[in-house]
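Handing you a structure now.
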Amino acid sequence: MPERAADASASLRGVQQLFGPAERVQKMLDVEAALARAQAALGIVPAHAAEVIAQAARADGFDLEALASAAPAAGNLAIPLVKALTDHVRTADADAARFVHWGATSQDVIDTGLVLQIREALPIVLSDLDRAATAAAAHARRHATTPMAARTWLQQAAPTTFGLKAAGWLDALGRTSDGVRRAVDAACVLQFGGAAGTLAALGERGLEVAERLGGELGLPVPVIPWHAQRERLAALACALGVLCGTLGKIARDLSLLAQTEIDEVAEGRPGGSSAMPHKRNPVMSARALAAAVRAPGLVATMLSAMPQEHERALGGWQAEWDTLPTLVIVAADGAEAVAEALEGLEIHAGRMRRNLDVTRGLVMAEAVAMTLAPHIGRAAAHELVEAATRRAIEEDRALADVLTEDAAITRWLDRSAIEAALRPESYLGAAAAFVSRVLSAARVTATGDAKAR
Amino acid sequence: MPERAADASASLRGVQQLFGPAERVQKMLDVEAALARAQAALGIVPAHAAEVIAQAARADGFDLEALASAAPAAGNLAIPLVKALTDHVRTADADAARFVHWGATSQDVIDTGLVLQIREALPIVLSDLDRAATAAAAHARRHATTPMAARTWLQQAAPTTFGLKAAGWLDALGRTSDGVRRAVDAACVLQFGGAAGTLAALGERGLEVAERLGGELGLPVPVIPWHAQRERLAALACALGVLCGTLGKIARDLSLLAQTEIDEVAEGRPGGSSAMPHKRNPVMSARALAAAVRAPGLVATMLSAMPQEHERALGGWQAEWDTLPTLVIVAADGAEAVAEALEGLEIHAGRMRRNLDVTRGLVMAEAVAMTLAPHIGRAAAHELVEAATRRAIEEDRALADVLTEDAAITRWLDRSAIEAALRPESYLGAAAAFVSRVLSAARVTATGDAKAR
Amino acid sequence: MPERAADASASLRGVQQLFGPAERVQKMLDVEAALARAQAALGIVPAHAAEVIAQAARADGFDLEALASAAPAAGNLAIPLVKALTDHVRTADADAARFVHWGATSQDVIDTGLVLQIREALPIVLSDLDRAATAAAAHARRHATTPMAARTWLQQAAPTTFGLKAAGWLDALGRTSDGVRRAVDAACVLQFGGAAGTLAALGERGLEVAERLGGELGLPVPVIPWHAQRERLAALACALGVLCGTLGKIARDLSLLAQTEIDEVAEGRPGGSSAMPHKRNPVMSARALAAAVRAPGLVATMLSAMPQEHERALGGWQAEWDTLPTLVIVAADGAEAVAEALEGLEIHAGRMRRNLDVTRGLVMAEAVAMTLAPHIGRAAAHELVEAATRRAIEEDRALADVLTEDAAITRWLDRSAIEAALRPESYLGAAAAFVSRVLSAARVTATGDAKAR
Amino acid sequence: MPERAADASASLRGVQQLFGPAERVQKMLDVEAALARAQAALGIVPAHAAEVIAQAARADGFDLEALASAAPAAGNLAIPLVKALTDHVRTADADAARFVHWGATSQDVIDTGLVLQIREALPIVLSDLDRAATAAAAHARRHATTPMAARTWLQQAAPTTFGLKAAGWLDALGRTSDGVRRAVDAACVLQFGGAAGTLAALGERGLEVAERLGGELGLPVPVIPWHAQRERLAALACALGVLCGTLGKIARDLSLLAQTEIDEVAEGRPGGSSAMPHKRNPVMSARALAAAVRAPGLVATMLSAMPQEHERALGGWQAEWDTLPTLVIVAADGAEAVAEALEGLEIHAGRMRRNLDVTRGLVMAEAVAMTLAPHIGRAAAHELVEAATRRAIEEDRALADVLTEDAAITRWLDRSAIEAALRPESYLGAAAAFVSRVLSAARVTATGDAKAR
C-alpha cells in the first residue's frame, strides 16, 4: 500500500491499537502490577510477590481470545483475567499467587485500565487538533480579506471572506479542544474502591493503598470511588461529541466548497474512484462527516448508561465498555481527517471571486438596500430592492441594470453609487477585524497553555 | 476456559466472526466472483477470466491489515481490495485482470457484501429468539395461575401470575421477531447500479447482468439500485432496536425479581465475582440490558445517516459501515443472553407467594375496594380503603384488622368477606385467560410460519 | 398573515392541535365515556350513570392548566383528570360518580387516549406522503430521460437522469409509507388491563368489557394488555424515524440542487430573508431536513424507554409522554414540507444539461474508460483515462482534446468515437428502464391498496 | 388542585413558562429594543425611533398564533415578527419604522433571544441542584456510619453505609452543577453578525454596535459571531445531559431502595394511584428517571445538528429550536424532582440494618475471605468461602454455621473470629473517611463560589 495512505491515518491506527484487545488487557495488567507494587511498598504484600506479579503482567503471555470468550459468561473481562494472572503467577511462585488482585474488585481494574488507555490516546487526538488549528489560523491570516460568497440556506447571501470562515473554524476548534482537554484531565483519576466502594478488604489501610497506587500510576486519587457515578466519563464522551460536531462543521463547509460546480477549495490528497477515473473525492471531509454522524448516538449511549444501579451497574456499565473506546476512535478519525484536509487545502481565491459574480449582482442586494435605507428606511429599501431582484431574475438581467431603471432608487443613488454598492470588496464590514480578534485570542491562550489553545 | 463460557456465548461469537475483517473481505470477494461468473454466463467476459477471478477471490490470500490501513485514504475498503484482487488475478492471468469489477462501483460491492453478511448472521439471532420464545411459552403455560405480586412503580400493586408476566414477554418476542424477519427479508436484496446508478458501463445489458448476479448470489433484484436510499437498512436497524428494547424489558424484570431481597427467580448459571465469593450475578440479564442501552444510539446513527447526498453519500454511508454490524452484534448478544436466561431460569413459586404477604394485606387493597365499590361507589370505596391502608401502615398492623374496625366497611363486608377479598388467589381476574390467548396466538402463527413466532 | 403561509403548514398545525393539551384530555375523556357506555351495555354500571359520565366527558369543561399543574406530583395526568371528572359527574348525579373509571387504571386511559390521537393524526401524515409520491411519480415519468449529472461525494461522477433520481425518491417513499401504515395499524389497539394487567377488578367480566370497549372505540382488543410492553409504539416511532430519514434524503438532494451555483431546481414558494431581499430560501427542504435531524434522537428515546419495570414503569413510560407526540409532529412537518416542495418544484432541465458541460468532459471519463475497456481491460483503461483527466485538469483543457493526443487511446478510438463516448445522452444505461420499473411497482401496489403506496 | 402539587413543580412550571410562546417572542423583542437603543446611543438611528421601537416591543401586543402559523413558510419566527413589529411601529411613527431591525439578521435575534431565555432559566435549575446537594450533604453527614447493604448487579455484595451512598450523589451533583454553570456562562454571549456574519450593513460601526448591544443586554460580545458554529449550545446541551444522567442515578437508587420488599427509604410525598388505594409511588424518582431517559436523545439531536452549512444552516439550526428548550425543561423537571425527593426523604436505618441479615451472613462473605486471606492467600480463601456460601445456600443455613464446620477454615479462625468477621459494622473500611473527604471538598468549593458547588 502507498505511503500516503499510511500517513493520512497514522493517528487513527494508533488510537485503534491503544483500544485493541492486547492493549486493553495490558492496561488492566498494569493496574494489577501497580497494585502489587503499591502494597509491597506499604508492607501489605511481600516485595517478592509484587515482583513476580509485575513480571507476569504482560499481555503477550495471555490467550486474548480465550479471555474474550470467557468474559460474556463471567460478566466481565477482569474475572477471567485475574484468574489467568493468578495461574501465571502461581507457576512462578505459589506463594505470590496469594496476593494477586489484593483488596481490589473487577471494576477497579477495568475502569482504571480504561483511564490509562484514555490518558495515552487523547494526546494523539489533541495533537491533531493542534495541527488543524494551526492550519486554520494560517488560512484565516492569509485570507482575511479574500472575498467569497457567504451562503445561507445554501444560497449566496452576501460577501464574506475566506479568512473569516477559517477564523470561525479556528475559534470553534480552540473552544472545543479546551473542552476535551478539561474533560480528559477530569476523567484521568484512579478508580479504587474494592467490592463495595469502601476498601473494607484493606482494613484501616485502604486510603493509604489508594494514594500509593495513584502514585504508581500517576493518577490523582478522587475524594471518593466512582464505581456507579459515571459523570466524568460521560462528560468526556460529551466533549468528544462536541468535537466531532465541530469537525463535521468544517468538513461540511469544505465538501460544499469543493463541489464540482463551486470548486473554491480542493483537498490536497483527494481520493479516487474504483469506477470513475476523473474523481477527486474529498475523502478527508467524508471521514470527518462520518465521525459527526456517528458521535451523537455514541454520546447518547454513554448518557443513557448513567443511571447505574447502587454500587455496581447491571447493564449500564457494561454498555460503556465498547462505546467509549469507539467514540474515542471516531473522534481520532475525525480530528486527523480535518488536520489532513486543512493542512493540504488548495484554496482557489480566483474562483471564489468569480463565483461572487454568478448572480450578476443579486448577492449584493443587501448592500444596495442598506445604502438606500438611510434615505427611505430599512423596510422600504428592502421592498424596493426585493422588487428589483425579482425583475432581474425574471428577465435574466444584471441587477445594476434593473436598479438604474427605477426612479425610486435613482432618486437617491446614481449609477456610479449603485455600482459602488455592488462591489463585494467594499462590503466586507468587520470581517478582517473579526479575524484579528480570533487570531489574538488564539495567540493569547497559546501563551498560557503549553501547546495550542 | 470452562466449556460453560463457550456455550453461553456461541451465538455472539459466531456473529462477531461474521462481521470480522476476514469475513467482511470474503463477502466482498464473493460479490466480485459472482459478478465475473454472471458476466461470463452472458458472454460479457471470457469464461476463463471468471474462473481465474473466482479462484483469486479468497480472503486468506489478502493482507487484511494493509487493506484496512489503505481504506481511510482511499475512501473505502473496496478501492484497495479491487486493486489487490486485480493484482492477484494478473499474476495468474494478465488477460483476466482486465475483467475484474467489470461495470461495478465500490458501493455495489460493499453494500452487497454487507447484505450477504446480514443474511448469514440474522438467522443466528432469530434462532436464539425462537429459543427464548419457546422457554417463555413453557413458563407461561406452567405458571398461568402461579400468583405473584404485580409491581407498578416498583411497588407491590395487586396480584398477578408469573405465567401472565411470561406471556407478556412471549407476545412481545413474537411480534418483535416477526419485525426482524420482515426487515431482514426486505433488506436482503442486491445492490448493483454502477458508478451513477444507471449501469451505463454495461450498455444495454445492465439489467440482464443484475438479474444473473442476483441469481448467482441468491438475492432478489430490486426495481431500482438503492445507493443513497438507505431505508431498508435503517428499517432493519430499527427492528433490531425494538428487539433489544424487548430483550431489555425481559432482562429488567428478571434482574429485579432476582434481587437478594426478592429472590423470586434466579438465573441458572449466574456469574461470580472477583471479590465476593457468594455472588450469584445475573450476568445474562446484564448482557441483555447492556444491549438495550447500546441499541438506541446505534439506531439513531443509522437514521441520522439517511439523508445521503445525491448518488453517493459524503459521510452518511461511511457512518453506517461499523454501526450496523455493531448493532447486529449487540442484538445477537442480547438475544442469546435472554435465551440462556429464560431456558435456565429457576422459578421460586413459593417465594412469590410469600412475598405477596409482605405488605400484610396492602397489596390486596384494590381487591377490597372493588368488593366494596358496588355498595358505595368506586371513589368512596377508594377513599375508605386508602384511609385504612394509611392506618395499617402507620400503626404497622395487618390490613384485615384495620378494615374490620371500620363500621363504614363492616356495614357491607363482614370479617370473612374481608378475608376472602384479601386472598390473592381469588383476585387474578383474566390472567389465565390472557395466557391462553397468547399461547394460542403464538401457536397459530407457528403453523403458518416454518419456525416460530 | 398571508394565505400562503397557512396553506403550507395546515397539516403541521392540524397534527399539533391533535396532540395539544385540549385534545389530549378529550381523548382520555373519550375513553372514560366509552368505558362507561360499554359497562352499561353489559349491565355492569347503570345506563343512566353512563349517560351522565359521557355528558361530563368534554374537555372544555375542565381547567387544563390546573390538570397539567397537578400531574407532576400525582405522577400522571389521569389521576387528577379522573378526580376532576368524578367531581363533575357528582355535581350532576352523585350516584353516577360511583361508576367513573370503573375497573380501569390510569395507564389504560392514558395509553388508549394516545392511540386515539395516533389514529387521527397519522392519516394526515400519510396523505401528505401520498401527495409527495404522486408528485415524485410525475417528475420521474416526465424526466425519465432528462440528463443531469449524477454526483458522488458531491463531485460530478457520470450522467444520470432527473427521472431516475425522482424514481429513487418515489420507491423509498412507497416503502416508507407502507412501513408507517403497517406500524399505525399494529399500534392502534386497545389498552385495557386494570391495575395489574389482569382486569381483576371486573371479576369474571374483564374480557367481555374489553371487547365491548374496543367496539365502542373501534379498536381491536389485543390478546393481552401491553402496559409495560411497548414494542408497538416503539415500532411506530421507528417507522416515523425511517420516514423522516427518507424525507431528509429528498430534501438534501433538493437543497443541493437549488444552490445558487447549481440551480437545477427551485422550490415553488421559497422563503425570503429579513436582511437579504434577493434570497429564495428552500424553506420546505429546511423543514424536512430539520425533521431528519430531530427524529433519530426521539426514536432513540422511545427505544431507551422500552425496558420498563414489571407491570408499570418508573421513568420509561413517563419518558414517552411528550416524546412520541413530538415525533409525530416532526414527521408531519417533514411530510408536509416534502409534499409542498415536490408539488411546487421548478425543474431547470436546461441548466441540468449545461452543468454536465462544466467539467469539459471529465464527467464522461467512465464512459470513455468503458468504451476503451473491451480493448485493453478495465484497469488499464481506467489508468489511461485517469492520466488524461489529470492532464485535462492541470492544463485546463477539454478532455476530448487531451484524449485525442494519446496514441494508446486513439489506437482504439478515433476522434469521432471519443466524441460519441463523451455525449451524456448516450451513456444513460438503464435509467429509463429503472424508472419504468419503479412506476410499475408503485402502480401495481396502488391497485391493491385503497390509496397509495 | 392541592397546594402540594403546586409546590413540587413550581420550578418546572417556571422554566416551561420561560420557554413558552409569549416569553420566546418577548425575548426576541427585547433584542430588537436593545438594538434600537444601542444604535440610538451611537447616533446611528434617531433617539425617538428607538423609543417608539422599545415601546412597541411588548409580546402582549402581538398575535402569537398568527406568528407561529407564519413561521413554517417564512422559514423562521423572526421574519413574521420583524414584519409585525415594523407594522406596529409604523402605526405609531412611520419614520421610526425605517429603523426596526437595523443591520441585524433573523438569526441574531433568534439566537440572542434564546440566550436571554437560557440566562433566566438555568439559575432555577441550579438552585434546585443546590437544594439537592444540601440535602444529600445532610444525609451523608448524618448517616456516615449507618450500615446498609452495598448491592452490585442488584445482589447484596458487602456492607456499606447510607452516608457513603449519599456522599457519592453529592460528589456527582457538585461536579455536574459546576459543569452546567460553566456551560451556561460560556453560552450566554451575544449573537450579532448581520446577514453574512460580517456586520457589513453597519459599515465601519459594526463592532461598536455589537459592544453597545452587548452592554444593553448584559451579554459579553464574543470575538466572532457564531451563526453556524454551535459548540457553545451543544456543550450546554451536553452538560444538561450529564446532569440528567446524574439525577437519574440518584433516582434509580432511591426507587430501588423504596421497593416494597426492601423499604429502606421512602419519598416524603409519594403519589397515589387511581386504582390502588395503598400505593405510595415514588413519583419524584420517576420524574427524574424520565428526564434521564429523555435527555440523551435530545443531546444527540443537538450534536447531530452541529455540522451546519456555511454561514447559516439548512436544517441543523432549525432542529435546535424546540430541542434545546425541551432539554432545559427536562433538566429542570429532573432537578426539581431530585431536590424534592432528597429533601423529603424518609430513611429507614433500622430496615437497612435488618436487610443486611437477609442473607444470613452471605453478604459478609468477602469479609470472611479477607480475614482468611492473609493466612492462605486471596485465591484460596476466595475458593474456600465460595464453597461455604454454596453449601449455606443449598442447605439453607447460616453462613457462620457452615464456616465453623470446615476445618480448613477453623484452623485459622475460631467461631468467635468468624462471628466477628461477620459483623457488618466492623467491615465498613474507609466509608466514613470517604464521606468526610466529600463533605470537605464540597465545603471548600462552596467558599470560593458564591452559592454552592
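As written, the chain order gives the labels A, B, C and D, with residue 1 at the start of each chain.
Keep in mind that, in the parts below, a residue touches a chain if its C-beta (ideal position, glycine included) is under 8 Å from a C-beta of that chain, and two chains touch if they have at least 3 such contacts.
Every value quoted in this text rests on a predicted model; they were computed, and no experiment measured them.
Asker: Comparing B-C against A-B, which pair counts more contacting C-beta pairs?
Answerer: When B-C is set beside A-B, the one with more contacts is B-C.
Asker: So which of A-D, C-D or A-C is the twin of B-D, meaning more than half of its contact pairs are the same residue numbers?
Answerer: When the residue numbers line up for over half the pairs, the pair is A-C.
Asker: Averaging only over C-alpha atoms, locate the centres of subunit B and subunit C and give their separation in whole Å.
Answerer: 24
Asker: Please tell me the distance, in whole Å, between the geometric centres of subunit A and subunit B computed from their C-alpha atoms.
Answerer: 32
Asker: Return the residues of subunit C touching two or more other chains; collapse runs of consecutive numbers into ranges.
Answerer: 75, 101, 151-154, 157-158, 194-195, 201, 248, 251, 255-256, 271-273, 275-276, 281-283, 286, 289, 292-293, 296-297, 299-301, 304-305, 314, 366
Asker: So in the complex, the part of subunit A that touches subunit D is made up of which residues?
Answerer: Contact set of subunit A toward subunit D: 75, 86, 95, 97-103, 150-154, 157-161, 164-165, 167-169, 171-172, 175-176, 179, 186, 194-203, 206-207, 222-226, 228-232, 234-235, 238-239, 241-242, 244-246, 248-249, 251-253, 256, 289, 292-293, 295-297, 299-301, 303-312, 314, 366-367, 370, 373, 376-380, 427-431, 433-434, 437-438, 440-441.
Asker: Under the touch definition given earlier, write down the residues of subunit D that touch subunit B in their complex.
Answerer: Subunit D reaches subunit B through residues 149, 151-158, 255-256, 258-262, 271-273, 275-283, 286, 296-297, 300, 304, 355, 358-359, 362-363, 365-366, 369, 382-383, 385-386, 388-389, 392-393, 399.
Asker: Write out the stretch or stretches of subunit B touching subunit A in their complex.
Answerer: 1-2, 4-9, 12-13, 66-67, 69-70, 72-75, 78-80, 82, 101, 104-106, 194-195, 201, 248, 251, 255, 269, 271-276, 281-283, 285-294, 296-301, 304-305, 314-316, 318-319, 321-323, 326, 333, 337
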